[in-house]
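The following pair of complexes shares a single chain, chain A, combined with chain B in the former and chain C in the latter.
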Partner chain A sequence: MIDCLIVGAGPAGLSAAIACAENGLSTMVLDEFMKPGGRLLGQLHEEPNGIWWNGIDEAEKLYQRAKALSISFHLETSVCHLEKVDGKYWTLHTDKGKFSGKNLLIATGAAEQSLPIPGWTLPGVMSIGAAQVMANVHRVKPGHRGIVIGVNVLSAAIARELLLAGVNLEGIVLPPRYLLTKGQSEPKDVFQSLLHMVHLAPSHLMKIGGKMALKSSFIRKMAVGTYPKKGFKVWGMPIKLKQTVTEIIGKENVEGVKVASVDSSGNIIEGSEEILPVDFVCISGGLYPLAELVSLAGCPFKYIPSLGGHVPVHDHNMQTPVEGLYVAGNVTGIESAKVAMAQGHLAGLSISSQKNKVSDGEALQNARESVVSTRTNALIHFHPDILDGRRRLYG
Partner chain B sequence: MENENVIICRCEEVTFKEICDTLKQYNCSSREVKLRTRAAMGYCGGRSCRSFVDTLVAEFSRRPRADDVQLKYRPPVRPMPFKTLGGE
Partner chain C sequence: MKTLRIKKHPILGPDDFRNTVAFTYNGKTINALEGDTLAAALLANGIRSLRAHEESGSPRSFYCNIGHCFECRVTVNGKEGVRACLTPVSRGVVVESGKKLPLPFKDGGEK
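And then the complex of A and B:
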């Protein structure tokens, strides 16, 4: 029987598999996509030191290391159910048969949260991540001219990638204000959340202005009040904080969007509505941990908004209260790929130590510290209160 | 905001208004909303709309979101052909 089954071949799953195999555990990785790498495959961004982070290269490096360690891979394999057999080992039910193993690591990452907007069921409307996969993984343009609805770290980063891929975008605008877009549709709230990524701003002036605005509510109010309708360009992409899409229109597929100007609280300014012709729309409401399998395994959850919603209870060694069940990566909370890799490495060592194949606790200690330092030094925090959210889990 | 007829559950075509009306009338849990309207009971297993349902329930009941997952996950958590599920 396999020592460790890993669901998810993203940054966490691959890093964990490598750590397990390096410590002598027989390891199997399953993933529903046809290529290993998970969300790494979509990533392309410039670090502050000017070096580009190319997720496809990073995924390939991890995959080659894993292959060299004789880890077995089952790609294009969907896990639809799991069970603990005789309280001793795990069996995964997939569309390619059953697989059993003594330990189970779930590294299924995150899923995208959409936002229901009139017309969002028309063909041509997609999540921002779908557009990213089309452009960066399959090298297909999602359309001729599009618009992004939902202003957040994820949509700004992916919009930049789409621009680099030569995709035409009108810009990033807000969703209409109603119960299901709370916190994402009022310019003043969204502006506040954007300030936490101001260190990424291209100009020095914006960085200074942003830091001042973070400290002073008066400056924030002024800034939102005077925010131009055309938006500010970030990485060449206009972020239109004072514009909202009220409806996506089209007969058989997307033909355009109705946009309107809004005040600082998100109220529509009468008479400002106009129609923009676009043939695709990307909606971005953020990410949430994809924890279906963890839930089926009987693991308890905690609701922590700063980590993306319901996250499985686990300790600082990535072990859950369910014996033989571990978690790593975005399924434990929404963070960057680098944190996921560090968590995966830690989970792999943690599983290995249970088999008494890691003799010294020093390696585990180092791996724990690496997760914390990677988190603290992360370039982008998907939520400003991530550290607080983590304290609620680990104490 | 003319969002009354926007579809929340795409699989079962349940609108925002239907869910809000149900909550106004019964002030109920996510599970009861699901049983009454079929929202989150479709093909995707509630993957798209469960958080919308939970959000609306929290808004109407004015109770904070609970730690427990409100709408139970049930296997298969991915769409599967019947032949995969078993039988000859």
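And then the complex of A and C:
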């Protein structure tokens, strides 16, 4: 029987598989997609040193290391159910048959929250992540001209990637306020959250301005009040905090969007509606842990908004209260791929130390410290209170 | 209409070296590139609509593009409910869009 089954071939799953195999565990990785890498595939951003982080290359490096360790891969394989047999081992039910193993690591990542704006089921409306995968992985533009709804770290990063791929964007606007998206629909709240990513801004002036605004509520109020309707251009693309999309229009496909101006609290200004012609729309409502399989395994959950919602209870070694069940990556809370890799490595060592009955205290300690330092130094924080969220889990 | 294929990319480099693969979609021949998913190949050929909603008949396409939302389900070689966003193209495969279903019991039967 396999020592460790891993669901998800993303940054966490691959890193965990490598750590398991390096410590002598027989390891199997399953993933629905046709290529390994998970959401590393398509990620593209500029590091502070000016070097581009290319997720496709990172995924390939991890995959080659895993292959060299004789880890077995089942791609294009969907896990639809799992069970613990005789309280001893795990069996995964997939569309390619059953697989059993002594330990199970679930590294299924995250899913995107959608925003049901009128017209959102039309062909041409997609999640922001869908556009990223279409452009950077499949090398097909999501359309000829589009608009992004939802102003956040993820949408800004992917909008920049779309521009790099030569896609035309009208800009990034807010979702309408009535969609129970309070924090995402009020210009003053969104402006506040944008300030936490101001260090990524392309110009030095914006960085200084942003830091001042972060410290002073007066500057923030002034800035939101005088924020221009046309938006500020970042990387040549306007971020429009004073505009919202009220409807997506089209018969067979997206033909345009109805946009309206809003005041600082997100109220629509009457008579300001106009129609913009676009052939695709990206919706960015944020990410949440994709944890259905973890809950099937009987793991308890905790609700921690700064980590993206309901997260499986687990300790600082990535072990859950369910014996033989481990978690790593975005299923434990929304963070960057580098944190997921560090968590995966830790989970792999943690599983190995159980099996080998050796108290490899030092290696585990180093891996735990690496997760913490990667988290602290992360370029992008999906939520300003991630560290507090983590404290609620690990104490 | 200009192509949606991204042949050149400042960071990812060129995408010029893939062989073409032909398959059929609703009886029409589609030229795809090796490694494409069905959803990507169809979009590159200007086709967004992948199915009609089973009850309302309204057109649907991919939404999440990574297998989670199941909006892109099509019929592949007779197998229903296959996700176009996760299925790689292969030569000669027969793909059909999901169809509107009859509603014999709704409101006393469809007119």
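Definition applied: the second predicted complex is superposed on the first by the 391 of 395 C-alpha atoms of A that agree within 3 Å, B and C clash if a C-alpha of one lies under 4 Å from a C-alpha of the other, contacts with A are read in each partner's own complex, and residues count from 1 in each chain.
Here, contacts are C-beta pairs under 8 Å (C-beta built on N, C-alpha and C of every residue); 3 or more make two chains touch, one makes a residue touch a chain.
These numbers come from a predicted model, not from an experiment.
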item: Partner chain(s) touched by A:R139 [first = chain B, second = chain C, both, neither]; value: second
item: Touching partner for A:T121 - first (chain B), second (chain C), both, neither; value: both
item: Which superposed partner A:V85 touches (first chain B, second chain C, both, neither); value: neither
item: A:E32 touches, of chain B and chain C: first, second, both or neither?; value: both
item: Contacts of A:S295 with chain B and chain C, given as first, second, both or neither; value: first
item: Which superposed partner A:G129 touches (first chain B, second chain C, both, neither); value: second
item: Contacts of A:I51 with chain B and chain C, given as first, second, both or neither; value: neither
item: Touched partner set for A:Y303, first chain B, second chain C, both or neither; value: first
item: Residues of chain A at both interfaces, chain B in one complex, chain C in the other; value: 32, 78, 111, 114, 121
item: Contacting residues of chain A [partner chain C, same complex]; value: 32-34, 39, 44, 52, 54, 56, 76, 78, 111-112, 114, 121-127, 129-131, 133-136, 138-144, 164-166, 252-253, 290
item: Contacting residues of chain C [partner chain A, same complex]; value: 1-2, 4-12, 15, 36-37, 40, 43-44, 48-50, 53, 58-69, 71, 85-86, 88
item: Contact footprint of chain B on chain A as seen in their complex; value: 32, 78-81, 93, 95, 111, 113-114, 116-118, 120-121, 176-180, 182, 246-247, 288, 291-293, 295-296, 300-303, 305, 309-310
item: Residues of chain B defined as touching chain A within the complex; value: 1-3, 5-8, 10, 16, 20, 45, 47-48, 51-52, 55-56, 59, 65-69, 72-73, 75-78, 80-81, 84
